[in-house]
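The two complexes that follow have subunit A in common; it is paired with subunit B in the first and with subunit C in the second.
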Partner chain A sequence: MDIKTEVLIVGGGATGAGICRDLALRGIPCVLIEKGDLASGASGRNHGLFHSGGRYAVADPEASRECITENGILRKIAPHCIEETDGFFVSLPEDGLAFRDKFLQACEKVGIQTTLLNRDEVLSLEPELNPNLLSAVKVPDGAIDPFTLVLENARDAELHGVKILLHSEVTSLILDGDRVKGAKTKDRIRGEEYTIEASYFVNATGAWANQILKLVGLRIGMALSKGSMLITNTRLNHGVINRCRPPSDADIVVPNDTVSILGTTSIRLEDVEHFEVTPDEVSLLVQEGSKMIPAIRETRFIRAYAGIRPLFLSEEKGDDRAISRGFVLIDHAKRDGLQNLITITGGKLVTYRLMAERTSDLICQKMGRNTACSTHSNPLPGASRPAGLRERFKQFSAARGEIVCDCELVPRKEVEELLGTEKLRDFQDILHRTRLAKGTCQGGFCVYRLLGVLHDSKMLQGDSNKILKGFLEERWKGIRPILWGAAVKEEELIEYIYKGIFNF
Partner chain B sequence: MEKPWPKTNSDVCIRCAACTAVCPVSRVSPKFPGPKQAGPGAERFRTPGEPSVDQWIDLCIGCHLCDMACASGVNISELNLIAKAKYTDEKGRPFRDWLLTHTYLFSPLGSLFSPIANLLLKSGTIRWLADSLLKIDRRRKLPRYESPTFRQWFKAHHFNSHKKMAYFYGCYTNTNEVDVAKATVEVLEANGFEVTLPSQRCCGIPMLGNGDFKGARKLGLWNVPSLLNSVRSGLDIVFSSTSCGHMIKHEYSNLLNIPGSEEVAQHTFDIFEFLRNLKEGGNLNTDFRKSSLRAAYFAPCHLKSLGIGFPAFDILQLIPGFKVDYIAADCCGLGGTFGFKKEKYEISEEIGRDLAEAIDRLKPEIVLSDCEGCRMQIRHLTGLKVLHPIQILRDAMTR
Partner chain C sequence: MHYDLIVIGMGLSGLMAAKTAAADGQKVLIVGKGMGSLCLFSNTIDVLGQSPTAMKMTDALSQWIEGHPLHPYSKVGLKNVEEALSSFLSLFPLPYSFQTIDNRNCLLPTGAGTLRPTFLIPTTMVGGISVDEGRELIVGFKGFKDFYAHYVADQLRCRGINLELPDLLSQEPTATALARLMEMKSFRENTGREIKKQLQGETRIGLPAIMGTHDPARVKDDLEGIIGAKVFEIPILPPSIPGMRIFNRFKEWLIRKGVTFLLGYSVSKAALKGKRCERIEVLHPPVITSYSADRYILATGRFIGGGLKADDEKVVEPVFNLPLSQPRSRENWFGDSFSSDLPHPIHGAGILTDASFQPVDAGGNMILENVWTAGSILAHHHCIDEKSREGIEIATGYAAAKHALEK
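Entry: the complex of A and B
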């Protein structure tokens, strides 16, 4: 199977999915190739913080301005992916108020609306906050569901004729003079190899950017920074909580549906494939996080995970947080003389659409086309669907059918619908597309039920024991770092189920 | 400042579902998702300050079996009660629920005019009316009033001793099962105790079960100072209704946060727990007549939740010749006012089916239970004679 298209986009994160939707809406044929599932890199491994830009207002006004503009746009085009919670930049006694004043000024300059709240006001909104806090600044932060965002972008692109190849990787790039002619690719599940020819190539692989560039002998200055996060069992905060001080470790707590996510760390990495959350990071996250929300010291965690930020280095700086969180669009024609290759990297999840717009603009310019972007006014499919915790609980309460995931209240019907509509190729793909296995027991109970559903609908491929084992190994990676207290008991029970009943 | 309702730690739930395995309601009705879901599970979805959407929370029968099954110590039924209170506060409780939880207000009248009251309660027309207007199920027999009340009987009763006890008889015993209270007094007297009656009102458990925390707390605030008075004058308190006992010993402090309730709880005992303590100290009058009765004993949920074992079952063994079997079934299904409600009647009866079958297998001449609710339900389901164990003990005492 060989494919010919106008633009080949490598990387199925928010940026890649955003680009193929943007191009598709402009009527430019394209193909997206992703070596894993959609959103399996940094797009799916982040805080889920819907930035207002406040966090970067003081140090990086440009990135901050991009954030607040996109913040406004995404509220309109992707309301079902966003919980409009607001965010609070909290000043603790040890932080003083000097930074707060700078922060307020910077926000005003960038155009971020702020409200200064006194201690009692903020405590009435966020009762779990440290009662000794001095004040808090309210900004339009929120929580975003990155999986749905990426999936909906990809779905809309597909509706507009884009072909999306998942679990397929680029193994080499074929050069023809100063142009890339095609990409040799391989289906990682079936092992099938084929060639994709295109007029333009976009490298949207984030932290993997240099791995693609290596195929044509190029390299960009990029730092890989690991950020680790912890997930609580219950949601502790209504809105996003930030420390009102220069960005540092473990100073954000983002609510996410039933849980809160506490993060992050920032640690330089070389290996983009193999990394884990270390005990030191866990201690740091709990220690620092509990300064903002004291209950963090006592609360139960259900998972630890890490993602990699691809940070573009224009010049070497000591602290990765000092590097711009703005994005970089590299036209390799100008930089390296390779006429039809573009790399887009860096940036934030919130600015994915802008990154896609700029990339598509560049492609249009190269193609000599003059088609305007429409993603800023064109809502994503499903944009009117209701979302949120209460809504899900209400649906569960009103019409209770069989539930597959008890913790996150995922009904069997939802799973069956998903299996019926999407071409899922891997077990983890299912888990990416529902909240299944994201709750208290982290799939200990629902995953074997899911296998039952797959079996009933005759969709189970391969050895189910192997699938379960694969899932459990992945699950264990996330659980091992937070294994104390109730989590240990939970694991004993799960271990008993799998070893004792399923004879693993 | 008053402490808010305690926030039970649902974080320690390990999702094992032991609670759901023992839940009588989810066993018979798919409408109730079971304690694991309704309690710690739902807690992750409830947003403070937002109206409730979990209307099924009203189906929690309040048996506390889930709490006892939980290996992690989550007070699931407490979470359920708090959620139920929020839900019913928002939705409003029907007049029927007010009526069922305020019987203590009009039961003295019922007793005074018992011949007429009982005729009315038995009348098909009245029960039809109650069913269609109030949604009190017509299949449920309404309890008869007795006259004179226990309090009236007690006024004319004299016994003096230097050893004194206080007795919380409960409002149902006072007007509807007077002999239970008489038997309690007589057994205590046979052991040399003079009984006093601290002033008391309904313990409030029917209100609590209907989500009316405010009403229940009001009654608790009335009862506790009076009981505390008895305790501080050196008296121990006994109760013969395990539901009243559960309310006084647990809910007054745990859930309702009533000042002084912990001190009262320390000195309040189930009547058979008290007798068993006497026996352990070698002070129980065990001068019993031989009996040839074959009985079956059913342990109420609220006795189990007291965590004192089955003292009545232990003490009854002391009666020579008396044969008593333990009924292996959980929860009778009445749940206080629960089983009277039209929309819950069928659930209530279905829960009780296990118990009725277990009794049928034992074929006893008589059934015993410490809770008036269980006794009512067993009579209703089996038609057998059902007594409080204290009545059997009293009958066995040689005076």
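Entry: the complex of A and C
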């Protein structure tokens, strides 16, 4: 199966999915290839903050301006992926008010609307906050569901004729003079190998950017920064809680549906594939986070996880101080004389659309086409669908029937509908597309049930205990760091089910 | 109210201790906030499932005792372990009884289609021994989410079917709801007839372990009569109906013997005076009631039962604040992989006792002269990995009560 297309996009994160939607809406044929599932890199492993740009207003006004503009656009095109919670930059006594004043000025400069709230005002909105706080600044932060965002971009692209190849990787790039002619690729599940020929190639692989560039002997200056996060068992805050001080470890708590996500750390990494949350990071997150929300010390956590931020290092010699949270678009024609290769990396989830727009603009310019971007005004397919907890509850009460996941109330019907409509390759793909395994027991019950449903529908046969054991090991990586308090009880239950009752 | 003995904890070890004391004519109070792990995990009685199936249990135990001097079995001693098991067995006369096959472990199928070694097997599960002939039919129920017939059948390489459930359920079909249905003659007969209709020469029928709480042997006989094939139960995700049968049987027997049964309340405090426990306080919201006794047995289980609690630094025992054997720091509680070859160190944590199950400090000195401990809360066992949970509970419940009565 060899494929010919106009543009090949490598990487199925928010950026890659955004680019293929953008190009598709401009009528440019493209193919997206992703070595795992959609949103399996940093796009799916972040705290789900819908940035107002406030966090970068002081240090990086340009990135901040991009954030607030995109913030406004995404509210219109992806309302079903966003919970409009607002956010608060909270000043604690030890922080003083000097940074707050700088912050207020910086926000005004980049156009982020702020409201200064006194102690009592903010405590009435966020009663779990440290009662000794000095003041808080309200900004238009929110919570975003990154999975849905990426899936929706991909789905819309597919509706416009884009081919998306998941669990497939680029193994080599074929050069022809100063151009890339094609990509040799491999389906990681079936082992099948094939070639994709294209006129243009986009490297949208985020933290993996240099692994693709290595295939043509190139390298860009990039730092990998691990950010670790903890998920609480209950939601502690209505809005996003930020610490009003220069960006630092454990300075944010993002609400997300029924939980809160406590983040983050920042640790330089060398290896993009192997990383885990360390006990020190967990202690730091709890210790620092509880300064903003004291209940964090007592609360139960359900999982720890980490993602990798790809940070672009300025290429000017000797200048390593300006690691921007903004994005970089590299035209390898200019930089390296490779005419049809583009790398896009860095940036924030909230600026994915802008990154896609700029990349697509560059491609159009190279093609000599003059088609304008329309993603800023063209809502995602699910945008008209009502979203949020209220909607989920309505769906749930209408669904009846068997509930596969008791923690997150996922009905069997939802799983079966998904099996009928999507071409899923891996049982993890199902976990990505539902709330299965996201609740208190973290899949301790429902993954066994999911495999049971797959056996019932003949989609699985043979030894599924191997899959289940693999899942339990994967799950363990996120569970082990948070095992104290009530979580130890849950784990005793899960361990006794699998090692006891099922004799794994 | 004053008692001869108060047992704290209503899992298998507490029940066994209460039974042992009541059989001796003691005035006993048993108090517990729940039914313990019995109703979550226990289906059969494990004694030492990790020992080879070829070995007689008596030999396996005596070897084990020799190699593990601190293990609860070693404190009980082989003779008393066997006495305790007999005492347990005497509570379950036919038709719903427990039996061993040639005094060895044997393998029974599970809800994941694996085979699992165990020792004492209830009447309803005996038919599942050595399912390796491909002559089984695994039967599940549509809408019941804790058992998947095809999953089990695919692992065991036999056939699976799912039966429709009647629409009369106004609630989710849980294991307990199905167990109640199975006790209805009409449901059971319909189920039997439907299975018979779908038979394709299979000679054994595996059902999830939901064959009634009160008279499972009757359910089994009726089904076998209609289908004309052997029927056996397969252990599934919690809750455990077979565990509830054990609990109910103990409860019925203990109450008949005059034991005071206080289920659903937890002990909020133990009042001590010097080296003696004077009384316990039980929280009946909104009031607290005190109960006193000459002797006390603590059998509150591990983390799920609430016998042990983990904060972010250490493990504690909340009722008496007894000293525990435990790993040095939280980083050492669990291993790097879920199913590592070695048990997670935290599972070896527990209460230190002398040979008569009285709690001691690290130096081996007795702490409380009228308190004994029993069950999984004890240190120096790994009941998950050893597959010894019920055996330890039965043996130590029995032994702790015997020691308490002697003093």
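In this text, the second predicted complex is superposed on the first by the 487 of 504 C-alpha atoms of A that agree within 3 Å, B and C clash if a C-alpha of one lies under 4 Å from a C-alpha of the other, contacts with A are read in each partner's own complex, and residues count from 1 in each chain.
Going forward, a residue touches a chain if its C-beta (ideal position, glycine included) is under 8 Å from a C-beta of that chain, and two chains touch if they have at least 3 such contacts.
The structure presented is a predicted model; accordingly, all values stated were derived computationally and were not measured.
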Quick check on the superposed pair: does A:Leu483 touch subunit B, subunit C, both, or neither? Answer first, second, both or neither.
second
Please indicate which partner A:Asn237 is in contact with in the superposed arrangement: first for subunit B, second for subunit C, both, or neither.
neither
A:Thr114 in the overlay: touching subunit B, subunit C, both, or neither? Say first, second, both or neither.
neither
Under the stated touch criterion, which partner chain does A:Thr434 make contact with: subunit B (first), subunit C (second), both, or neither?
neither
Touch test for A:Ser43: subunit B only (first), subunit C only (second), both, or neither?
neither
Could you look at A:Leu493 and tell me whether it touches subunit B, subunit C, both or neither (first, second, both, neither)?
both
Comparing the two partners subunit B and subunit C, which touches a greater set of residues in subunit A:
C
A:Gly452 in the overlay: touching subunit B, subunit C, both, or neither? Say first, second, both or neither.
second
Counting only touches as set out at the top, which of subunit B and subunit C does A:Leu409 meet: first, second, both, neither?
first
Is A:Thr375 touching the first partner subunit B, the second partner subunit C, both, or neither of them?
neither
Shared contact residues on subunit A - subunit B and subunit C:
403, 445, 485, 489, 493
If we count contacts the way the header does, which residues on subunit C are in touch with subunit A in the complex?
37, 40-41, 43, 110-117, 143-151, 154-155, 160, 162, 172, 235-238, 302-304, 310-313, 330-331, 333-334, 336-339, 344, 346, 384-385, 387, 389
Interfacial residue positions of subunit A with respect to subunit B in the complex:
233-235, 258-259, 299-300, 389-390, 392-394, 396-398, 400, 403, 406-407, 409, 439-441, 444-445, 485-486, 489-490, 493
Which residues, counting only subunit A, touch subunit C once they are in their complex?
279, 286, 401-404, 412, 445, 448-449, 451-453, 455-456, 458, 460-465, 468-469, 472-473, 475-476, 480, 483-485, 488-489, 492-493, 495-504
In their complex, what parts of subunit B are in touch with subunit A?
10-16, 30-31, 33, 36-37, 41-47, 50, 53-56, 72
